[in-house]
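As written, the chains take the letters A, B, C and D, and residue 1 is the first residue of each chain.
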Amino acid sequence: MDKLLEVKNLTKVFSLGSISSRIRITATDDVSFYIKPAEIFTLAGESGCGKTTTAKMILGFEEPTAGAIIHKGKLRTKKEKVWFTEGIQAIFQDPFGTFNPLRTVDRYFFETIQNFKLAGNKKTAVELIDRKLKAVGLSYEEFAGKYPNEFSGGQLQRISIARSLLTDPTLLIADEPVSMVDASLRMSIVNLFKKLKEEFGMSVLYITHDLATAYYVSDRIAIMFRGNIVEMGTVEQVLMQPRHPYTQMLRDSIPEADPRRRWRGRVNLNETEREEYLKQGCRYAGRCPLVMDVCRQEVPADIQVDNVLVKCHNYSEGVIA
Amino acid sequence: MKVLRDLLRDYRFTASFIILCILLAYSSLSFFSPIDPTVWVAIARDQPPSSQHLLGTDSRGIDIFWSGAFAIRNSLIVALVAGVVSRFITIPVAMLAGYKGGMTDRVLMFISDSFLVIPLFLIIVLLAVLIRENLSLVTLGLLLACFGWAWDARVIRSEILSLRERGFTQTAILSGSGTMQLALKEYMPFVTPLVFATLINVMAWAIGLEITLAILGLIKLDIPTLGTMIFWALSYQAILLGRWYWLLTPVILSVLLFIALYWLSVSSSEYLDPRSRIQRVGQSLRA
Amino acid sequence: MLFIRRYLIPRLIQYVLVIFVGITAVFFIPRLLPTDPVARTIAELRSRGSYLDPASIDAMVADLTEMYGLEGSSFDQYIAFWQRLFRGDFGVSFFQFPTPVIQLIKAALPWTLGLLLVTTAIAWTAGILLGGVAGYFNRQGWSRALDVLAMVVRPMPYYVFAFILLLLFGYIFPLFPVAGGASIGRQPSFSWPYISDVLRHAFLPAMSLIILGVTAWFQTMKLVVQNLNAADFVQYARFGGIKERRIVSRYVIRNGMLPQITALALLIGQIFSGALITEIVFTYPGLGTLLYNAIMTGDYNLIMGITVFSIVAITTAILVIDLLYPLFDPRIRYN
Amino acid sequence: MDKIILTTRQLKAFYLLDIHGRQKVVKAVNEVELEILENEIYGIAGESGCGKSTLLKTLAAVVEPPLRQLEGKVIYHINGEEVDVSTLGDEEMRRLRWEFVSYVPQGSMNVLNPVVKLKDTYHDFISSHVKGKSQEETFRMAKAYIAELGLPAEIMGAYPHQLSGGMRQRVTIALATLLRPKIIIADEPTTALDVIVQRGVMQLLKDIQQKLQNTIILVTHDMGVHANVADRIGIMYAGKIVEEAPTEKIFSQPLHPYTQFLINSLPKFGDKTPRQSVPGSPPSLADLPTGCPFHPRCPQVLDICKEQMPAYIAAAADHKVACWLVEEENGQAA
């Protein structure tokens, strides 16, 4: 089995407002990708690109408008309200909000064990919890009976990972797991993903806007823009030689922590803030430096260029080889 | 004990606590009352306060001190029935609307908004006019409970709505918690202070309405309550005839009760509200 | 336009629905109760000592049944009820027979409307301004003193508070008339003596509504503003050295009043009820006193009429406030 | 030598809290010494809870209870004169705001009055500082400035909620720099923004600085932003500035173990070698360890670190650091 999870043509349209008025927003549009076993796959993009909505659909927190989610070869049906949570677990952006501030953190561990019947008695439960906590560099003693505000953001995020490990999942969905964790502690989380992959054979769906950690940790990456995947391939290919004009722009704008490599050139922001939910054509056409007439007319197809998927007319039209 | 000590730092809590203790002690005297406050002219009428009749007697020949004790007890019974029973409507409605959202939420909130918007007083009067003989303490309490849940349901629902968006809701779902578990374990700790504070408000509201309805002659008038005491004092022209002690007793008792209940609600909800408390501590520590 | 579809239409639908549900409830509640208004009215008459022979009772039952619209099935009654309402026909008052209920309401309405509008406007505005300033300067002594004062007055129910004013200024210090809307025998005219007479009579009921109203708005506004003080745009304005007077008026009060407009819409029903009760205390000749007389005489039709009329009036008032709200909040206007 | 614009001496600002009767002291700014120059971008880097926001408050002289400035001074150098900020009256300080020291906040989302148009907000700020000008005049002035910065003129008639995040942040920067302040304090100005927008916003801030030749004190946790725009950087840890040097030196030869960890933990493109986080967790400012606050996390801790806070050592003329290790090496070298 080379696909642990596959997402096919996933589309989510939100309807806002009351009966008399509907606004339709396409959060994800025909998104397809797959994750292999023991792989770290990154879904990257700016805010509002649809990456979190994709994660929510995979977790069953949102119902897709169209498309299929296939886990271990099994199609997800609508009836399973909260889907195979044993096989798939998740951690979220805000470590301080992950646990109820009025309850001790260990309650969630015991509840997980109880609800999924993972241990017969308290003693085996504590052993199980301690084992999972050790895997993230903590221990039962320094955690039992404490409230969330007694931990730092980095610790909470690791506790959150330990909780998700209780059910021995095969896939961990991590939605912006380090964006609210201090830079000096980020690596302790990101390195954990590598450890989960290498030691437990787990896969991680890493959702982030931070391309530097994405490069560091992941195997393959998909860049999303306004609900579409515009480029997908290995991180070496996508981030070191970006092909899509959007990826190139994104890559150029990242402030690198190296004073010798400062930003060169200028960006024109007035251009970037134009309405980009065009009815037809490529959504990046409004500010693409390589824009052609066809870009404004037709949605580009997914083109394979050296094993990299690129959604750009410049490649299909042969403008760039 | 520590909680009580912390609360007593607030002058409003201290004052309301003391007033309520005194009023409760006074009303519990009614269990040992030497007189039956529903029997007329058992003793001399219109006596001014004296050592024998601490607050005098009224024109019906009833001791005012003792009927005051009964009045507080009975008014509190109405308030408690209205307050507690209305919680059984408020909490499920709020939880359901807040958690389910969508159509359920819209329908439930439309109903509660209608209750808020319509001049309830008139509807209650309309009902009371029709059932006035049967309007005993408990029926009155139940009647008020049917009308006193809407505002609180709205308040609690918006709390649930914001809790539903917090990260720990998702953590609980991923931990395999069902809807009931979520409501009881995750949301109840946040909602309890609100339930308590709104309970006290509903109680005060119920006592106020009891008084108003009684003055309009719309409840059983032979039960001594704060309202019926005022009703009788008014109908016997107590002010014009200089029998101030008759009217003043229920008026002062009810004012004390209202202030005590309100201050208790304000001070305890300020203390208990976990959001403001955590925010205060959290903010200062993050600095 | 988006605004009309997303704001206006939902509100109009809600308006119609609330009136429909409210009036339907008023129609059905009495019919679901075990007591029968006809039997009630007759019992009421009897308890007043009128002698009624069996024949006249039968005739009366028939008359009353017709008058209360109790003929036919519940559904027929319900349809007939609506038909009469659309004609503005609330039936006739039983104890001021045969004056139509609508006429009695029309006579009482100006008094209630005047009292309610003036006091609500004053109380709301004063409460917002005072609460806004006190909330901004919430560390100052006078702000705290006002807060304590409000904490004492706020919990009083309308009846009790009106009553205390009545005792204080009617009996102990008889400064103001305690009953009626104008002196008996005075002819209504646009002359100063008449107007001042009306104002003097309105003073105590108005004061009682205004004081209670101001404390309530003061407290909610003060709380809102205390939170606004920590809002980024207020902090930023202070950081930017904007003059305090301007911060209080344009930043704090301007923003803090928005939730108070919503609150006014939600609370107008309660304020209305309070005005009715206050009128009763001061026998002010508005809807409240009309209601009191109806209760005292068991005039069921009149109570129904006042209730139905009030539901429509209050719901309309709320609609008006809701429709005015976007004028103050650009986020609703342009979204 | 470059002229100094702002100095702090032994600055101590603590939060004195009373939580239900229990006293708590949060040592947010602890003995901070800064000398910030004219015409430079001074970066302050640190993690959440290190006291950098509080430091900005004291630099901007907005010290309100429960925050108290217990010791030390903040000195503005106004036209060559040294002015101790704490001696200024409310009105004097109010006038300095926007004309001498200005502020760009973190989330421009909420700093603009939501119920008035932007031109009214501009008017509020201008008219509170510039006397004797009509609303029209000030409005014209603002408009000209907006155009100068390359922002569309129509935005003056818009309400804040109608603008995108990046536009709002740029409008706020224009507002903050309208009166050509000598010092701009920028608190995480790009934190909530997407990278492309972030780049545009930083570009605007830099443009303004070059035009006005003034000083920007830039606080951000993002070392990438510091590397791109700052001239000098101060590294803040647990209420103290532990190291200060020109940007290149901070990145190429960090001396403090904390700085070293911080720099080395940053992932780089084209380099997948394993990187480690700083061990442990940052201390609570309400409960600081004795001696050097970094000693519980420091892998090279000495005995003296646990007892005494090291003083600043000048590793070079423009490079100072507070660490016993460096002191020891220097001592051995000497």
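Simple rule for what comes next: a contact is a pair of C-beta atoms (placed from the backbone, for glycine too) under 8 Å apart; a residue touches a chain by one contact, two chains touch by 3 or more.
On a predicted model such as this, the values are computed, not experimentally measured, just so you know.
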item: Partner chains shared by chain B and chain D (touch criterion as defined above); value: A, C
item: Winner on C-beta contact pairs when B-C is weighed against C-D; value: B-C
item: Centroid spacing, where centroids are CA-atom means, of chain B and chain C in whole angstrom; value: 22
item: Where chain A and chain C are represented by their mean Cα positions, the distance between them in whole Å; value: 55
item: Whole-Å gap separating chain A and chain D, where each centre is the average of the chain's CA atoms; value: 32
item: Residue list for chain B, restricted to those that touch at least two other chains; value: 281
item: Touching residues (chain side chain B, partner chain A) in the complex; value: 166-168, 170-177, 181, 185-186, 189-190, 274, 278, 281-282
item: Chain B residues within the chain C interface of the complex; value: 12, 110, 113-114, 116-123, 125-127, 129-131, 204, 207-209, 211-212, 215-218, 230, 239, 251, 254-255, 258-259, 261-263, 266
item: Complex contacts: residues of chain A adjacent to chain D; value: 46-47, 151-155, 182-188, 190-191, 209, 211-213, 215-216, 239-240, 249-250, 253-263, 266-270, 272-273
item: Sites on chain C touched by chain D in the complex; value: 231-233, 235-243, 246, 250-251, 254-255, 258, 328-331, 334-335
item: Interfacial residue positions of chain D with respect to chain C in the complex; value: 60, 62, 93-98, 102-103, 105, 107, 109-117, 120, 124-125, 128-129, 159, 161-162, 176
